[in-house]
Amino acid sequence: MKVHEYQAKELFARYGIPVPPGTVVATAAEAEAAAARVGKPVVVKAQVLVGGRGKAGGVKIAKTPAEAREKAAAILGMDIKGETVKKVLVTEAVDIAREIYVAVVMDRRAQKPLVMASAEGGVEIEVTAKENPSAIQRVWIDPLYGMHPFQSRQLATALAGDAELAKPMADIIQKLYRLYDEVDASLAEINPLVVTPDRRVLALDAKLNFDDNALERHPDFETLRDLDAEDPGEVRARAEGLSFVRLSGNVGCVVNGAGLAMATMDLVKFYGGQPANFLDIGGSSRPEKVIAALSIILQDTSVKSILFNIFGGITRCDDVARGLVTAFDQMNLKLPVVVRLTGTNEDEAREILRAVPAIHPAETMDEAVKKAIALAA
Amino acid sequence: MKVHEYQAKELFARYGIPVPPGTVVATAAEAEAAAARVGKPVVVKAQVLVGGRGKAGGVKIAKTPAEAREKAAAILGMDIKGETVKKVLVTEAVDIAREIYVAVVMDRRAQKPLVMASAEGGVEIEVTAKENPSAIQRVWIDPLYGMHPFQSRQLATALAGDAELAKPMADIIQKLYRLYDEVDASLAEINPLVVTPDRRVLALDAKLNFDDNALERHPDFETLRDLDAEDPGEVRARAEGLSFVRLSGNVGCVVNGAGLAMATMDLVKFYGGQPANFLDIGGSSRPEKVIAALSIILQDTSVKSILFNIFGGITRCDDVARGLVTAFDQMNLKLPVVVRLTGTNEDEAREILRAVPAIHPAETMDEAVKKAIALAA
Amino acid sequence: MLIDRNTRLVVQGITGRDGSFHAAQMAAYGTQIVAGVTPGKGGTKFENTVPIFDSVHDAVDATGANTSVIYVRAPFAADAICEAADAGVRLVVCITEGVPVRDMLRVVPFLKERSTRLVGPNCPGMIAPNARVKVGILPASIVKPGSVGVVSRSGTLTYEVVYQLTRAGMGQSTCLGIGGDPVIGTNFIDALRLFQADEETEAVVLIGEIGGSDEEEAAAFITEKVTKPVVAFIAGQTAPPGKRMGHAGAIVTGGSGTAADKMAAFAAAGIPVAKIPSEITGLVAAAAPALKRG
Amino acid sequence: MLIDRNTRLVVQGITGRDGSFHAAQMAAYGTQIVAGVTPGKGGTKFENTVPIFDSVHDAVDATGANTSVIYVRAPFAADAICEAADAGVRLVVCITEGVPVRDMLRVVPFLKERSTRLVGPNCPGMIAPNARVKVGILPASIVKPGSVGVVSRSGTLTYEVVYQLTRAGMGQSTCLGIGGDPVIGTNFIDALRLFQADEETEAVVLIGEIGGSDEEEAAAFITEKVTKPVVAFIAGQTAPPGKRMGHAGAIVTGGSGTAADKMAAFAAAGIPVAKIPSEITGLVAAAAPALKRG
């Protein structure tokens, strides 16, 4: 789960990581009031979960409250990579002497958290990482011990350039790791961590992703989830226990299992079609789940055919087929549906599906995909 | 640092370990009011830091508030192993079906915390430990992982006798370990942990010792320290950075280093004398420390002679001797003092000490001890 | 490989919905289930035959169980894995989905200290058709004895590929689902090492997914250490981007973890890569012409 | 033993009050101090000669330091020990008093993983008079080259005993203070194993204290593994009881940890026990009649 910059900064502040004062607002008028309270030039920053908002014009400096109102009005409602800006963060404009990069992330290869830092922080960090990898310091953390203070000191000494700045930087790095660990984050990133001309050290931006599997033990974080920023279909799918991602094609896909779902989409593309979505209905094919899946897909009017690819596994396919027939009956489907059901008793299953005229049974994935593409055309 | 039962129970409750409701009071009238609020028979329990209060008559049941007043009046002011009872805990009298023992303690041999539990809890636990050691379950904890839930389940299953009780017991054991770990305890003990006839599980007593070296990171615990329950000399010594324990003899001892201080006391006893105290003045022999040490010792009117045994180590003995002379001058000492100073320049040191008539210099520990005993006689 | 006729299985969570269902399935296939574990149910029996214990320690002491399979709920799965390892079980297969990464980071060193192998979590487990043993949830109906090893990060996609192999007459030595979580006990390289050493296995099918860099590392490992023919397939060629973790993900792996990257890594290592699942059997036949089929 | 002419010492906390004082003392005795560490003071020099670094890693990289001695404040001592071990130092001597037990419980496995030996914390360190090397705070003025090994949990009591040995003409091979805290890096058994293997050592004096069961275990170890003569002394025969930890302390050790218990354990193992410190030299002379004296 991703959270907004302002939410991440609230957590940062709770852990003692210094952030510039700021207020999140939803209207231009509120932005003006917030800027007036700051009493100094402010930055108005779009709160979106996608990256690249700066280049998209979602971050603007305002010297006066009136200007803040103007900039906020321009940014609110803006579309950034498909996400509509609903909130902006109005925060003190801080003078920057240096920009530093610090992140804690799970390194799958090492099977350990990795703390990365670079004295060359800022928007070009990925370029730096590619062209000058030695400019990125890396320290792996043994999760049994946590980050040793000597490790954060080492990083900070390399970043700071002088002893006086190394101390607050080590402190921030240590706290960032502790936050990452305690809140079950999968990413905690500060880019940039700035040094001001008067030698303060501040987190100017904040990025925080949580391990979805661990949200159960942080029930309060559920309130941080921004349902507005997400696709309504994805929100509803999560509520129904499905996994759904909207795409731009016309072949709706309902598959059990994420790998098989991806392989099915790949196959649609391979045979010249365009998948309308990724949808994993998980381990069960009960009629209610099928109905939920279908109604989510049918929200998308560009869908012209629906493809079921269900590997029955241990469940008997004839049982699954009966469930599908029930679901289709209740939905009163208008679109053509191709169903490929594999596993135990698959022949009986195909027989059962023939009873519903809208259903086109198929024996293999390839056959099913080709049929669905043809029916969508 | 030891804390009282009622303080330990407050911490237990904060960690979710169930304890019977209770109030700590300092007068008999308050005890009556507290018992009235409970509205059931109560137990009035002396709050002392020493063990064995039950056998000393410091724990009594009271059926009515009036009886609680009576029992509290009897217990308050009582002397239990040298400690005067200043407070009593008035707590609901709980019916007991079974008494269980649970403790977390540092096992020096294994260099790991050890969780011990026995279905045969209660006052006779030490007898059980000696005569039937297999009745005590032991589980060692790897501090890097903490207590695994499977470990507390195992202990609880062995203790509980039935599955329904195992769950709350495992929960209590798990919480007790977490408390032990997080508060830097050196001992966390529940004896007895009781099962009531209606199958509730409750900590009826609570013992908690803290690692003194870790108190710096728990500044709030300093308020738990009961200065009243301690010897005033010990309290003052701690404030001065000295380590002091009062004994019953007549030879006051001032030594640098705990091991040498114990060996000096042993030697006093060996040669037929009685040490009046243990006193370790630590690494420094500055005049102010010596004055503090002397004034603590002189509170005890049974002291008849004072023995200094200082191993100069790296500090030059003549410097130490000059400091001692300054201190003795300021104190205007009436008692005979034997000083043994060893290390670099010890001969010069003895020369300096001869200037003070009350000082009897000695060359070896044995000589010093014998002189001090003779002077005390 | 890993499981055989000497496998003595303890099922953790045997009285749960999934545990009881799959225990019955595994037993029906021929797996020796010697014990079940459900705290609080010790002393009862599963289907009137398999003794249930309160702890894995009790189960191992009483039955000599050497392998465990876990069907407990996600918040308790990491503890269940550690319990099995602590009790001396040599192989633990964790089916449970949704185990927090932070829990797994502590499980991995705990198991390493005890030399216990973990497969999973969030995986379908494994099946060895020649020995008729399965530990996990792979459907027995789709496999067939033979000599192709299958290793995969996916669930049903594995079934699909295995089913196609079976239909093409290519039986399997062992089918192994390693799970797709960020921290897993057995990765592609571990599995490839086992298949390379396994006498029953003549060729290996590796089924990868987007994300991470396990496939890239597997490709490098195959070049260096695997002499048996390997055929690869990667799911997720059309997956939308944006599941990336800020800048950090790309910086860590030094690559983007896309299907194209992974396919290129295999191709560069000279490993045939199927563009679609139905190409796999043909590539196996070409790579291992001597493979017994039936 | 442990330290010799090849010891290249880094002093952690070299700019502090204790660190600077004892660094000068160690250097004056002949110890090779190659580096100091104080975070933030990297690039400066101690007494215009010894380079100071920001981290032990930097110090080891630049100077090849192989031994470290720690004089930092208690809340930072555990981290300093881990830093030294992580930097590859083989022997770490921690003088600092007051390190929380919980910190030490995490230091011990960290060092074990890296095969680094720790002496201390809360100890005077060690001195090897034959090589004229000392690491710690033992006063050089009281020692003398020779062949008696001394190991002790105490500070000044050790000085007292060493001084008596020196006065009696019995020089020392190594004097080692292991510290009296509940969790220490090197215990009596470790020290006895080293003395037994050390060619310079002909006899050992062991100075124990009340509390714990280290002395009892040492007695058992001597019976089994130590062929060199050992003489013991235990301080605290008159110590008041009541420093015990509830019931639990006694249950853990199975004994009371009194001086009488410990003396009985040595006596039962046939090890001479001095009743008072001034008996020690006589017992050593009797136990090791061939000991060189001068």
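The first chain written gets the first letter, and so on, giving A, B, C and D; residue counts start at 1 in each chain.
FYI, a residue touches a chain if its C-beta (ideal position, glycine included) is under 8 Å from a C-beta of that chain, and two chains touch if they have at least 3 such contacts.
The structure presented is a predicted model; accordingly, all values stated were derived computationally and were not measured.
A.B. asks: Taking contact as defined at the start, I'd like the list of chains shared as neighbours by chain A and chain B.
C.D. replies: Joint contacts, listed by label: C, D.
A.B. asks: Which chains are in contact with both chain B and chain D?
C.D. replies: A
A.B. asks: Averaged over CA atoms, how far is the centre of chain A from the centre of chain D? Could you give it in whole Å?
C.D. replies: 55
A.B. asks: Chain C to chain D: how many Å between their CA centres?
C.D. replies: About 51 Å separates the centre of chain C from that of chain D.
A.B. asks: Nearest whole angstrom, what separates the Cα centre of chain A from the Cα centre of chain C?
C.D. replies: Result: the chain centres lie 27 Å from each other.
A.B. asks: Chain A: which residues touch two or more other chains?
C.D. replies: In chain A, the residues touching two or more other chains are 144-145.
A.B. asks: For chain D, what residues touch not just one other chain but two or more?
C.D. replies: Expected reply: 106.
A.B. asks: Touch graph across the chains, line, ring, star, complete or other?
C.D. replies: other
A.B. asks: What pairs of chains are touching here?
C.D. replies: A-B, A-C, A-D, B-C, B-D
A.B. asks: Name, in rising order, each residue of chain A that touches chain D in their complex.
C.D. replies: By the definition above, chain A touches chain D via 145, 148-150, 153-154, 157, 163-164, 166-167.
A.B. asks: Help me check something: in the complex, which residues belonging to chain D touch chain A?
C.D. replies: 39-42, 54-57, 76, 79-80, 82-83, 86, 106, 110
A.B. asks: Show me the residue ranges of chain D that touch chain B in the complex, using the header's touch definition.
C.D. replies: 21-22, 25, 74-75, 98-103, 105-106, 108-109, 137, 139, 141-142, 152-160, 163, 180, 182-183, 207, 209-210, 212-214, 217, 233, 235-240, 242, 245-254, 259, 275-278
A.B. asks: Which of the residues in chain B end up touching chain D in this complex?
C.D. replies: 50-51, 81, 101, 103, 105-109, 111-114, 116, 125-126, 129, 133, 136, 142-144, 181, 184, 186-187, 189, 191, 207, 209, 211, 213-214, 216-217, 245, 247, 255-260, 262-263, 265-270, 275, 278, 311-314, 342-344, 364-366
A.B. asks: Please give the residue numbers of chain A that touch chain B in the complex, ascending.
C.D. replies: Per the stated touch rule, the residues are 144-145.
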